[in-house]
Structures are given as structure tokens and as C-alpha cells.
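One structure, pasted below without further comment.
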Amino acid sequence: MATVANYANIFTRYDLIGAGAAKGAMVSSKDTALQKVLECVLEGDSDNIAAVVNEALATKDPMTVINDGLIRGMNEVSRLWDEGEYYLPQAIVASDAMLQGLDICEKKLGQSLEKKGTVITHTAEGDIHDLGQKIVNALLRANGYNVIDLGKDVPVDDVVAAVKKNKPVMVTGTALMTTTMTAFERISNRLLKDGFETPFVCGGGAVSLEYVTGYKLGVYGKDASQAPGMANDAVNGLGWTDMREKWNS
Amino acid sequence: MATVANYANIFTRYDLIGAGAAKGAMVSSKDTALQKVLECVLEGDSDNIAAVVNEALATKDPMTVINDGLIRGMNEVSRLWDEGEYYLPQAIVASDAMLQGLDICEKKLGQSLEKKGTVITHTAEGDIHDLGQKIVNALLRANGYNVIDLGKDVPVDDVVAAVKKNKPVMVTGTALMTTTMTAFERISNRLLKDGFETPFVCGGGAVSLEYVTGYKLGVYGKDASQAPGMANDAVNGLGWTDMREKWNS
Amino acid sequence: MPKYDKMAYASAGEMIFGTAKNPVKYGRDFTVGGGQVFPELVPHPRPGTEATKKTLVKEYEKMVTDVLDRCVAIGIPGIQIELEHVYQMTKNPDWGGEIASATKHLQEEYHRKYGLKSGIRATIADYRKPDEEDIRNSVAIETSLKTFETSAAGGADVLSIESVGGKEISDYTIVRQDIRGTLFGIGVLGSRDMEYMWKKIVDIANKYGVTPGGDTNCAQANVAMFMAGGYQDRSVPHTFAALTRAIAAARSLVAYEQGAKGPSKDCGYEDVIIKSITGNPIAMEGKTCACAHSDLLGNLVAACCDLWSNEAVEYHDMFGGTTVAVFAEILGYDVALMNTAIQMGHEKVLQELMVQSDKYRDTHGFILCPENAYEIGKAIVGNNTSYYARAKAAAIKAGQLMLGDSKLQMSAFEKESLESAMRTLDSLPEKEEDFISECADIYKKLIPGFTLANYGL
Amino acid sequence: MPKYDKMAYASAGEMIFGTAKNPVKYGRDFTVGGGQVFPELVPHPRPGTEATKKTLVKEYEKMVTDVLDRCVAIGIPGIQIELEHVYQMTKNPDWGGEIASATKHLQEEYHRKYGLKSGIRATIADYRKPDEEDIRNSVAIETSLKTFETSAAGGADVLSIESVGGKEISDYTIVRQDIRGTLFGIGVLGSRDMEYMWKKIVDIANKYGVTPGGDTNCAQANVAMFMAGGYQDRSVPHTFAALTRAIAAARSLVAYEQGAKGPSKDCGYEDVIIKSITGNPIAMEGKTCACAHSDLLGNLVAACCDLWSNEAVEYHDMFGGTTVAVFAEILGYDVALMNTAIQMGHEKVLQELMVQSDKYRDTHGFILCPENAYEIGKAIVGNNTSYYARAKAAAIKAGQLMLGDSKLQMSAFEKESLESAMRTLDSLPEKEEDFISECADIYKKLIPGFTLANYGL
């Protein structure tokens, strides 16, 4: 059987370009206990996080462990992910570890850290493609948001009712089918009718910028990683038109 | 070199199915002179039409030659075309011959046959794809219409002005580019503003039913062969909404 | 329980596009796997048309007519049309039935007029929610089964589904690069759910005299592959996605153990492994399904296909006609090339070209090239003691193959991700019951709503 | 006057995809005809975006980015992007220039980052109206030439046009099945107009150091082919369209006689004949240009291509990404298969498969399969006494070939149409001047606005 003389004329492995130039994590702590917390977060090591956090809490106050260990570690993870060093799973397992550590610190503190705000997430009526939503949930939680997860295949009525009840800073919708995404427009109309101007960030495979910016409140979310930034904007008082301006043009 | 064992597994020559079942023209005249006229039209024989029409006019009055020769022949051509017996070129050369014969008869009559009505045709501003329009022109003329041919790459203003001046029963537009068809909507708006409700039949490669039925006056023309039937409807008083109902749904 | 204990083919070299050991015949003169590849065209309705049954049926009639017209225009000898249900078609059983029936009438007309061969696949939407409901007794499962019936009664020739058993686990584990959980979600739970579902589907198919087609691991292996994405994506490692695919083969096989006959469902990239085991015809999709998603094995994946599909395209206008006609044309020429190769006796050469185009482009193509797929198939049938054992064996074999071919380049990150998964796989318990109880403990804590009862455990 | 008097290849057997006798090199590491086939992707803007320069430039930037991203995602080694001007880009020379420049910047960025090879073709719109104006001195020609300059200055690597000389005649004659007039409009007037235009285009290309690509007989042979359509269309006989194509080869050749170097323009289906004569690389399109139009030779037409194109696709969303990315992916895999064949030494087998897929599907494919194309090429170079003589010889040869192969089936109607055209061709005068004066008499009467002066006569 003949063999291939030169694969380079058939395909180019662009994924290998610049590979190996990995720079790794750039944060560390002089404190050994905090260093261990940092490492656990950076490695997403949920098995050991409890132990190292408890160890650190033996000598430090909870806010220090949170700020200089857990949150500092998570910020570095975000940087590594943004720069393509980490893949999504590294970001997610880190956030799992971080949230577990946080839990322990909060117990010790005797109170929960104040959340940055509440976000309601859902996957459209008739649609069970909810993986995008799950990623959004994880990333928002890792960034300090209180997430109300309405789940998948959520009737329009339920989304509207939840917004009225919880007055979130932002509501999100995921839809993967062009035949289910039409629910978003109905939600938007209902919210407006009742005087709500909550930014409504919509994303998912079949959903397009063109579609989402075709109804009021709609802001298009291309990638789950944008969700925390968008929520921050909403908390900072940006309205849906400003957000659309910023994220969708 | 290997050869193909069985082409039937690669493609099917659907064009050959039922071939040979050709039934041919089904009209004839007992009158030899009219029979020749009929044959000339059926064969699209522009070289001989003058001679045979003149021969027929020697013994018959012009209206008989027109009705029982030229128009009868042309009707049969239309039937043959509709049934897939004739190709478009047969219809067009027949109409060429028919129109030449008509000319001679009209001269003898001393007056033109009354036209069924006036139709204005054009190809959109910026567009020189005018072949569809040319076919429309030929078919409308063959069907007794006075065609005002504005040509190709016609500014919106000129189309509007021509409609105002000539008050046609119908106006047509051809566009082959999605970036030029947008002129149709502007024409429609201008006509409406000035109180004209002339049916505006738009067609051409890139133009779709969806687009044309998105603005007022617009009726979508899929095939040039529909133009005469549409013009007949317009003459019979159908408005653009009726025509859209009839042709576009 | 696993049934297959041997390979259908004596070697990978025997496997080729267009021919399957067990061809199936249905529809209008339509034989799949009988020496000729046919296109499978999947049309999707425009948003808004799902509003009423009337508008949706009309949309399908237009789409199907455009497809059949294009076949006749360019000489495509035969075609399968997949009615891949959007939610509304399954949710309302009579909609699915009526659309199948409208499609059948059109196909019959073109068969009468032109002799155009044809078949219809109905893929019922599985909209059960394993983390929210009893998936063996819910409105969702009852409705889906009802719609299988109306579809078969209406005119569908082949029944398929993209079943979602174990998705609640794999959704959690795939984005965490957790191979243990992924093996559990797909290899164990997915397989058990399929056994349950496919018994019922095969019964319905038999009741109506139609063909039970096959399933796909869209809900899991395609999620991983989709997220692994292109060369620049950083969502899921490509090596991890390849392991997921190998596991998926052990799972999707269950349909055939319960009586499915093929053609398999187009988006099951694992189907080539399944063909090596079952000898049943398979539907595949690659470059010409770019309208639905990108992949890194556009040519290779056609190497053993019996139907060649576009996965799905939404109905819209293009300069050259509507999308459904355009993709019917491209698929039509793709299969014409394959059929010419068959007619000229050059099919193995063309297959080798397809393979070499993509074998070293990415890990997914690497493990699915016929030789490697065959090896994975052997690992599956050689470990048929439990769903777990064979799925694990498939993953380990895939990993060994990837690590064993020096032409397959990997970035350091990708390689480390593979080696780490291999270490985990090696460390897992021998016995299925041990694995199940280990996983049950872990994931019941982590995944709200997850319950073993959904899987008869 | 005709220049070519011999064939570039000693036999049809020497012609193959990916390799041309005279490769051309430009852009970012981009060589066409040097042993590798590349895709040529043609994006078209959405309606409405043509409203202002700003919106149109932005639209192009988005489209080009999507294309380049997809190349990197799946590993396409290089790509050409064609800026096929919509009217507004030519009408406003600075628009065309700015879009070329924006495209170049993006290509440079991807070349720098990833080593992605690339080139840009600008196809300026020829919007002269031969029946309404002096086509050698009009605003239209001046503007077009101006836009050639701004495009070359802006960043276009290759210049092309779909020139329209003689269209006023052929539009009249093609729909009347008048082969004499078609020969006149294409073979004589078209050739003369190209001689005039291409001198100027080559000068501009030289001035800016870019490559003069080639022309296409889109305005005439494609009209005939497009109208001949599919098996069920009844607008123009397929045999007539095939004759038109042979004539077109003699005409489009003029570009190279005036200094064009290739790659030819994708929609010139006659290009394979031209490659046989000139040895210049050619761009072709077939199955994967179904987005722009259907044809009956989707595989065959790739047999000798150096670039492989989608002709044109409007920018829209699909499930799998935007249309331009989707078609870049399909083209990318198409060429990967060809390049694999080249690398494995199986290119002649793959070529034969392409050919046999469509040689007997329809007359157009039949006359354009390499052997027959080569024979038509020989008829052209063997009758190089005048544009008329060689175009007529091409048509007669094509007709003889069609009538001489019993495997090529034709309906009675198609055959009669061919035989009737052949009788007419046989009856035409020997000398060009006689033919011109005969046609001048006839068509001046029939076609309002037609004037010999437009063609220097």
C-alpha cells in the first residue's frame, strides 16, 4: 500500500504551533499554608482542599484565607484560562475546589460572604440542551454570584414569575434549537409589559447575535466565560442597551 | 484502466424517462394557406412567415389570419411548452415569427390590434443581469401586451417616473443580486406614497418569495412564463394582494 | 447484558463503504449496505414554523419537495430523508405522524414518476430529564413512545433516537475531565438505559413492520467532541473526547443487542466500531455536515459508511436554491464518487485516501480509522462480561493506540490529559458492581437529582 | 489575433489536479499549480450591508475572519479568498480598495500567527452595457479600470473579471437556440472585447506587481448551462449548452494571450480546455458550489483543478457556524482528499473516479472530461487563423465527440437540437470577415443597440 509522502500538504497541525511555551502559574505565597491553598485551587484538587483550608485557618483568619488563598488562586486560574494555558475543565474543577474551601471559611466566619448579586439562569421551554447553562452556572458561582438555576425546558411563565419574585440583576437563557429559542422573545415581551428591564443574556448553539438583538432586553452571549463579566456590568448599573453596546458590537 | 461496471448505481438519467413519448402539435387547419401560417408559427420560422402570411392574406381577411393562424398557432406553442414538449427557445422563436406575421396583418388592417394593456419592465439599479427581463418582455409581447422596456441598471427614480407617466397595469422588476434587489422595496414605497397600487411583480435568481412578499405591492415571479398570466390577472382587475394570494401561496 | 462476543468481519480490511454484512431493505426500493452508498438528507424547519401543525407540515412538504426535485435534477439514484424531530413533533405525537405521512406521499409520487428510490427515518426526540424525573415512567417517555408509533404508522421506514441515559452524569464529568464519571455515565448508565428503551422501540417497530434503526451517543460523546472543537479550542482535551468516543461504541452497541438492524443514526461517530462488530449498515456524517457542526475527520469518517448524511440544515434560500436542495446535491456527488469507486473496483484506494486525509489530523479520526476502530471493536467483544468491562476496555484500547503511534502528534497538555485518564482507568475496580457502588457514592453527592433507580439499580 | 498554436501537454493523461505547467506564486507563501490544491472561498455580503462603505467593509472583515478561523480550526494549510465584487464595490473604487486592504491585513495576521498560506483575488464587476453605450469609452469601463487599480494597490494578489463583450448578441441567441449568433457573440465579439480589456488589465497588474488571473465566460456559456439546468428543465437544450461551452474556451483563452497567468476564474467551466493549451493553473468549482448554482458535473470538474471554489455564498448563520466557515470547511476536506491522493501517488485513480462519476451524466461533463477537453483544445490550437475559426472548430469538435460516443445517451429532442446546430456550423462561411458581415447584417436588424464599433469593427 502506498504511503503519504508529506502530510504537511494535506493538513497543518496549527494546534502544535507554539505548544510547549507554557508558562504556568505565576502566583505564589510566602506563607506555606496559603501556598498549599493556592496550589489546591490551581490544581482543582477537591480531595485535599478541606484539609489545607482547615490547616490555614488554624493560623489565619477566614478573610485572609479567602482573599489571599482561595480568591487569589481562582483569579490566577481565570488568567491561565483566558490565555489558553488552562482548558475549561481546569477552570471548573478549580472553581469546585474554591467553592468548597469558601464554604469552610464561611462556616468559620459564621456568615456567608455577601454575594455580588443574584442571577437567574434557565434553558428554554422545549429544550433539554442544558450543558451551556450548567457551565454558566458554575462560572457565575465561582465569581461570587448567587445563581438561581431554573433548570431546562422551563415554561415562559416560570421564568417571568421567577424574575418578578427574585428581582435578579440579570437573567440568562440558553437554547440550542432555533425552534425553541423563540421563547426568549416571549419572555422579553412579558417582562417589559410588567415593567422589568432586567438584562436578558441569551446564548446557545443555534442562537445568533442577529436573533437576540432583534428583541428588547436581549444581549447575546457567545461564550459561557462572558457571563461573569456581564453580571458584573449589570451589578455596576449597566442597562441592557449599554450591555448590548459593549458586548454585541 | 478499470471500467465502470454499472452506471445505474452512480447516477440515474431521469431525463430519459418517458422520452420518445412526444405527441407533437395537435392543431391543424383545413385551409392550406392557414395551415402554412400555423406551421410557420409552430416551427418559429421567421424566414418564411412573411411569405405565408401574405399568401394567406390574399384570400382571407387579416383578422382571420390573426385569429385562426397566428394566435391559434401561438396558443398551441404555449400548450406544447407548458407540457414540456417544447423548450423555451421553441416558444420564443415562435413568438418572433408570430409577431412578424402580426405586423404584416396590422399593416393590412390599417391599424394596430388593441393591446391588452401596458406593462413596464426593468432590471434593478446596479444590476446588469437582464436576461430574465428579456424573456419576460418576449413572452408578454407574444401575449398581446404593450411592453415598455426600461432596460437594465435602472434608477429607482426612473421606474417611479415611468409608472406615473404610463400608468401600466403591472410593473415588473428583475434582480439577480441580493445587494441590488433592495431597490424594489424603495420603488414600492415611493409608488405607494404617491398613491399608486400597481402590482409590482419581482423576480430573478437571488430574489425570493420571502423577500418580495415582505413589502407592499410585491408579487413574486418565479418563472418568466408566469408573466403573461399575471398581466392577465392585473387587466382583469386583481389587485396586488389578490395576485399575491393566487401566485405566492 | 452484553451479547456480542465476536466480530462481524475477519479484519478491518474487509470493511468498506456501501457494503454491510447485513444489508437492510425498506421504503421504496431502498437497500442500505447492499453495495451502494446513498445520501441521507436531514432538513430542519425555520423558526416560527413550529407554531402550529399546519405550518410545520407545510414547511416539511416544501423541504421534502425541494430535496426530491434536486435528486431528479442531477440524477441521484436514491435518498433517505431523516425527519429529525424538533421538540414539537415529538411532544405532539400526531404532528410527527402527519409529517411522516406527508413525506411518504411525496416520496411515493417521485418513485412512481421517476423511479427515485427512497426511505424515511424518523428520529424521535428523547426529552426525558434524568435529573428531574423518573425516566422510566414519565410523560416524556410515554409521549416519545407514542410518537414512535404515530411515526411508524404514518410512514417512517426506520426508527431512531438519540437517547440521553446517563447525561446528568456525563454533563458534569465531561467538563471536569473526569474519565471515571464519564465511563459511568456512558458505559454503564447509558447502556442500561438503552437496553430499557430499545426493547420498547424494537417492539413498536415490529408491531408496525418497520425497521428499528439505531441510536447515537450524541448526548455524551458528541458533547465531548463538540466541545473539544477545533485546534484552537480549549474546552475539552481532544484526547479525552477520543476516549469518550471509544466508550460510546460499547454503549451504542446495545441498540443492536436489543434488535435494532441499522442503518445506525448519522451522528454516531462511533458507528464504524459498531459496524465492525455487528455487520449492520451505518449512517455517517463528516465534511458535508459542516452545516451542522465542524469536525476534524471530514473525509475519514466516510470510510465505511452506508448512508452519508448532512446531519441537519435549516431551510433557507441560497443563491443556488434552498439549503436542503444544496446539501442534497453535495451529498449526492459525494456518494457518486464512492459508488464510482465501487463500480470500478477502486473502493479500497478511495477509502485509503479518506483515511490518510485525517488519520493524523486529530485523535478522533485516529481512533476511528478502520484499523483502529476494528481493534477497539475487538476489545469490546473480548470483554463482554459487563457493560462496564467492555466500555472500559474500549477506552483503554483507544488510549493505547493513541500512545502507540508516533505519527500521531499531541501537545504536551493533550498527552498529559490522556496519560492521566489512562492512569485513572487502570486504577478502576475489576467488577461492575464495585464500580457502580463507588460511582454511586461519589456522584450522588455531587449531582443533584441523580438517582440509581432511573437505571434499574 | 489568436496566439496559441500548440498544446501545453503532450496528452490528456498528463493533466492532473494540483499541478500546472506554469505555477504562479503570490500572496503569503501561496503557490497555485505547484503540486497542491487549495480552496478558494468566495463570501458574499448580506443584503443591506452594501448601504455604506463602513457597513460593507465591516461585513467583509467578519466574513474573512470566520473563514480564516475555520482554516485554523481544522488544519487547512492555505486558502484563497475571492472578493467577487458586488456592484457597489466596483462602482465606488475606494470601497473595493479598502476591502482588499482589510482582507490583506487579516490574512497577514493569520500568516504571522499560524503560518496560514493565503492569497486574494479581486474580481471587478464588468457593468458595461454593450447595447446601450460605447463600451470602450464609458463611465463603466473607466470606473472598472479604476477599481482594478485600487484593488491591486489595496492588497489584491490576483485580478479577474467576468467580461461581458458580445452578451447583447448571446442573450438574444441562446434563448433562441441560434448557434450562429452564439458563435458570433462569444467566439468573435467576446474574444475581441477580451483582447481589448485584457491588455489594459495586464498593464495594471504589471504596474502594481500583482498577478493578472483570468476571465470566465460566465456571461454566455454559464447562461446557457444555467438555463439548460437539471434533467427536467426545458429552457435550453443541454447539447446546445455544451457547444456554447466549447466556443467559450476559444474565447476565454484570449486573457492568457494578452498576458494573464492564472489562476483562471472559478466559474469558467471551460478552463480545463484552457489548461490543456496554456499550462496555466485553473480555479474550478463543482459540487461544493451548489450553494451558488447546481450543475451536472460536480465531481468531474475537479479533475484538473488547481484551486477549488464554492463560487459564492451569502453570509448567514447555520447550525455549524456561518455559511462562509461551513463552505471553507467542505472545500478544505475536498482538497485534502485530492492532496492525499497526490501524496500517495494515487491522483490518477482519484481523477478517474471524478471523471466516471459524471462523464455520462450529461453532455457538459462529457465534453469537459480531460480526454475530450484535450481534443477540443487541439481543435482550437489547430485552427488558429482567427478567433472565429478556432471557436467554430471547438464547437464542431465538441459536437463530433458527443455524437461519436455511444455511451452518451441523449433524448431525441436533445440529439436533434445538436444535429441541427452541427448542420448550421457546417454551413457557415470559411473566412472570419464573411462571417462577421453575415452576422452584422442579421443582428443589427434584430438587436436594438448592437453596434460593431464596440468591437473595433
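To keep things simple, chains are lettered A, B, C and D as they appear, and every chain counts its residues starting from 1.
One rule holds in what follows: a contact is a pair of C-beta atoms (placed from the backbone, for glycine too) under 8 Å apart; a residue touches a chain by one contact, two chains touch by 3 or more.
Everything numeric here is computed off the predicted structure, so don't read it as measured data.
Asks: Roughly how far is chain A from chain B, centre to centre by C-alpha average, rounded to an integer in Å?
Replies: That gives a centre separation of 61 Å.
Asks: On a C-alpha centroid basis, what's the spacing between chain B and chain D, in Å?
Replies: Result: the chain centres lie 30 Å from each other.
Asks: At what distance in angstrom does the C-alpha mean of chain D lie from that of chain A?
Replies: 50
Asks: Could you list which residues of chain D touch at least two other chains?
Replies: 44, 72, 74-75, 231-232, 314, 319, 336, 339-340, 343-344, 346, 352, 356-358, 361
Asks: Touching at least two other chains at once: which residues of chain B meet that condition?
Replies: 2, 4, 7, 10-11, 13-14
Asks: Using the contact definition from the top, classify how the chains connect: line, ring, star, complete or other.
Replies: other
Asks: If I apply the definition of touch given earlier, which pairs of chains qualify?
Replies: A-C, A-D, B-C, B-D, C-D
Asks: Could you please specify the touching residues of chain D with respect to chain A in the complex?
Replies: Within the complex, chain D contacts chain A at residues 35-36, 72, 74-77, 113-116, 317, 319, 336, 339-340, 342-346.
Asks: Give the list of chain A residues in touch with chain D in this complex.
Replies: Within the complex, chain A contacts chain D at residues 2-14, 17, 205-206, 208, 210.
Asks: Quick check: in the complex, which residue numbers of chain D touch chain C?
Replies: Those in contact with chain C are residues 44, 69-70, 72-75, 229-233, 286-296, 298-299, 312-314, 316, 318-321, 323, 325-327, 329-330, 332-334, 336-337, 339-341, 343-344, 346, 349-350, 352-354, 356-358, 361.
Asks: Taking the complex as given, what residues does chain A use to touch chain C?
Replies: Touch list, chain A to chain C: 1-2, 4, 7, 10-11, 13-16, 19-20, 22, 44, 81, 84, 86-90, 92-93, 96, 126-128, 130-131, 134-135, 138, 151-153, 177-182, 211.
Asks: Taking the touch rule as given, give the residues of chain C at its contact with chain A in the complex, in rising order.
Replies: These residues of chain C touch chain A: 44-50, 86-88, 91, 127, 129, 132, 164, 171-172, 175-177, 223, 227, 231-232, 234-238, 314, 352, 356-358, 360-361, 409, 411-413, 417.
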